[in-house]
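Two complexes follow with chain A in common, the first pairing it with chain B and the second with chain C.
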Partner chain A sequence: MNAELRDHLIKALDKGIRFDGRKPDEFRKVTVETDITRNAEGSARVKIGDTELICGVKMGMDKPYPDSPDKGNLMVNVELLPLSSPRFETGPPGLEAIEMARVIDRGIRESGAIDVKNLCVEAGEKVWGVALDICTLNDDGNLHDAGSLAAIAALKSTRYPAFDGTEVDYKTHTDEKLPLSAEPIEVTVYMIGSHLLVDPTAQEQECYDSRITVAFSEDGTIVAMQKGGMGELSIEDIEKMIDLALKKSVELRKLLG
Partner chain B sequence: MGNIKINDRDIVVPGETLAEGMDFVPGFGTYRDGENIIAKNLGLSSIRGKVIKLIPLAGRYYPKNGDVIIGRVQDIMLGGWMIGINCAYHSMLSMKEGTSEFIERGADLTQYFKIGDYVVTKVMNVTTQKLVDVTMKGPGLRKLQGGQVFAINSNKVPRVIGKNGSMIQAIKDATGCQITVGQNGFIWLKGEPAKEIIAREAIDIIEKNSHVSGLTEKIKGFLGNQVK
Partner chain C sequence: MTYDKRFDGRKSFDELRPMEAKAGIIKSADGSGFFKIGKTEAIAAVYGPRTLHPRFLQDSSTGILRCHYNMMPFSGCGSRIRPGGNRRSKEISMVMKNALLPVLDLKAFPNSVVDVFVEYPQTDAGSRCAGITAASIALADAGITMTDLVCSVAVGRVDDKVAADLNYDEEAYEDGPVADIPIAMLPNKKTFTLLQMDGEIPKDMFMDALKMGLKVCDQIKELQVKALKDKYGEKK
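Right after this comes the complex of A and B.
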């Protein structure tokens, strides 16, 4: 962490501006595209400024876990590819990738977006498995929010592949959509000094004190949360952060269409 | 007798044959394949007598001897510092070149440069194996205190600086910011927060409109409108 950069950023934030001219509570330009790949059952590409990532949904026949024989499986995996940032290395997923995958997973799971009982084909024998894979293409900060937005956009565009009772035919997609009962959207609010900001660039993300990721469903219910960073937060801080996150999640939801 | 396939100041793409025959010599940004001279980069061709060279319009920074660049300390090694210079190769700042002070055996090297510090440094040597050596000994070479660093396309650096530094001087005068431009495309900026944004916008315009003639006047107009 570069302490001088942090001081310089706080000086700018005291005046209510950031290095790129945005206000602290302003997002960069966000674009969401769906159905970008042929082979995945659902897919989406999300760009926030220079940050770019894709998410693909694959559906397959799984054996259910022994403790939930009548429930389908949901799996979220995040790949922080070395091509997207010099910080990322090849090899098994690191701390950052695991955290991001778990937080996105938690938002989808705890909001009940996918009714896992619906995915059951034959209790104890056959269930649908839904696997979300998120790949980063370029990292200029705020991968968390981009990832969760891509995940939900991809799930919304997911169609079942043809299934004849024994084998899945991935070549033909049916028109049957994966039903979603909620659309959780995650917004991360960062705290630098005493300032709150959303959608940090890679530079700003280097020098934050603490962050909170909040996932909201459509009616503004908090469905998941995650705190990160070394700094401590008071209850008032957290309340302010949640209010800001809620305001931003409403803006992001409009992009899902 | 060889023949030239292109005109002076044509835009050429990588792999394009620029000339045939041994009468011509490949210059910067080109190479010889058999009897042909081929372009390495996207850029403007330039024919100077027998030498055919290329002025790149895109591509990463490639270190050259004597370039003054801005680097970021990435690691501290046994014998010096590893500096990231916005390029495919790492560079080494040896203890001897880092400071003129006497460094005791086993001393803590972070007292000179810490990881994450930005430094203005000069490329001393680039070996054939692409090991880059940099030095802190020379006028204007220093550790950068405060401010922010951002990157632009290194091929646009000459435009940002302008003829005899006219462009960068115009930005400095209008915004009152301290600015240092590294040949590798890293730019260091320090000033009032609101003025820094104007300076960054001006540099952004230069980067996007680098092919336009009379750009210095345009930038002066832009700065005049913004700074009031």
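Right after this comes the complex of A and C.
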């Protein structure tokens, strides 16, 4: 961590300002576009300021896992592409990508967004697998919230490919949408010194002590959570962070349409 | 039955699919480029020259170029592609590097590397060519000295016709022989830096295909130049 940068940032936050002029609880401009790539069954592009990523959904015929023979498979994968930041390197996913994928996965799974029993074609033999791949294009911080928003927007746009009982025909997309029973949205609140902020830039993200990501379903129920960072949090801090995350999740939800 | 009309409605056999080129689309990168031809979309980012790690890979006489070709897992026409690369992507990365290196002189950057990352949100044949074209824009955008641009396109034959820029359906044509010839050219010198071919083709037809490639590559070069001018403006 860059200690001088952190001191400087905290001094600015003491006066309630950030380097780019935003308030601590203010997001940059967020845009969500869907159906942005045609070979995926569903897709979305999310931009938050200069941060940009895309999520593609591929559906395929899988064998179910032995412990859930009548349930379809859901997989979330994050590719922190070296094209998107000098920080990222080629090779298998590192800790940062794995944590991000798992927390987004938990939000979708635990909210029951996808009814995995609906994905069963033949118990014990054939189920639909839904694979979400989140690929970063430019990293300027807060990839997590962008990724979670892209995941749910992409799922909302997902249509089954044609399937004749034995083979999937990827050339033909049906009009049948993948039904969603919840739309979880994740917001991460960061603590730097004694200050809370949301939607950090890459520079701000270098300086945080703790963060909490909270996933909310539409009615505000918490469906997943993750603390990150090496700092410590009081119970009062945690409550404030959850409240702020909820407030922001309501704003982000409006963008899903 | 012969192949008379192109499957996607193109009017002639030397017509390229609709193209789009942009420079500077990834802020974190030192240079970047976008090239779309038909349904194939390539995004290229350049990082460097930067110090090369691990050190044993360094060359004290020159900087080196590395290319990384990667299809996003959802970008293919069939089922999901497992991320992490495979034999195909390794080979393509290598030929892309060989296609781009002749226009670069990295001797001024010993022990350094120029990394070119090429990603594909969607593909429909011709991906390595679109990638080289995008990478060439990205290298220019990064301000790396180049002796020429590199333009790349696939040519080939479908049945008895020589054609440019085959799409996936044409590559999969079943009623006659097909040949796919990805090439890259230096538009000013009229030389080839990428040449691959698979399928079957008589020599005369092959030479006609190369000539067609030389002709259509000017359209790609014009778009590359336009993309760079759009970003930097005309030099006064």
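Throughout what follows, the second predicted complex is superposed on the first by the 257 of 257 C-alpha atoms of A that agree within 3 Å, B and C clash if a C-alpha of one lies under 4 Å from a C-alpha of the other, contacts with A are read in each partner's own complex, and residues count from 1 in each chain.
Going forward, a contact is a pair of C-beta atoms (placed from the backbone, for glycine too) under 8 Å apart; a residue touches a chain by one contact, two chains touch by 3 or more.
For clarity, every value in this text was computed on a predicted model and none was experimentally measured.
Undergrad: Would chain B and chain C fit next to each other on chain A once aligned, or clash?
TA: clash
Undergrad: Which holds for A:38: it touches chain B only (first), chain C only (second), both, or neither?
TA: second
Undergrad: Would you sort A:20 into first (chain B), second (chain C), both or neither based on which partner it touches?
TA: first
Undergrad: In the superposed arrangement, which partner chain does A:220 touch: chain B (first), chain C (second), both, or neither?
TA: neither
Undergrad: Tell me which of chain B and chain C touches more residues of chain A.
TA: C
Undergrad: Looking at the overlay, does A:203 come into contact with chain B only (first), chain C only (second), both, or neither?
TA: first
Undergrad: Is A:170 in contact with chain B, with chain C, with both, or with neither (first, second, both, neither)?
TA: After superposing on A, A:170 lies in contact with chain C but is clear of chain B.
Undergrad: Could you say whether A:81 touches chain B, chain C, both of them, or neither, answering first, second, both or neither?
TA: So A:81 only meets chain C here.
Undergrad: Could you look at A:8 and tell me whether it touches chain B, chain C, both or neither (first, second, both, neither)?
TA: Once the two structures are laid over each other on A, A:8 reaches chain B alone.
Undergrad: Just chain B (first), just chain C (second), both, or neither: which does A:257 touch?
TA: neither
Undergrad: Does any part of chain A touch chain B in one structure and chain C in the other, and if so which residues?
TA: Overlap of chain B and chain C footprints on chain A: residues 86.
Undergrad: List the residues on chain B that touch chain A in their complex, please.
TA: 84, 116-118, 145-148, 150, 190, 193-194, 196-197, 200-201
Undergrad: Can you tell me which positions in chain A touch chain C when the two form their complex?
TA: Counting only chain A, the residues touching chain C are 36-40, 43, 50, 54, 56-58, 60, 77, 79, 81-86, 90, 92, 131, 133, 135, 137-140, 168, 170-171, 202.
Undergrad: Which chain A residues qualify as touching chain B in the complex?
TA: Checking each residue of chain A against chain B gives 1-2, 4-5, 7-9, 11-12, 15, 17, 19-21, 86, 203.
Undergrad: Can you list the residues on chain C that touch chain A in the complex?
TA: 26-29, 39, 41, 43-45, 47, 50, 68, 70, 72-80, 83-84, 115, 117-119, 121-124
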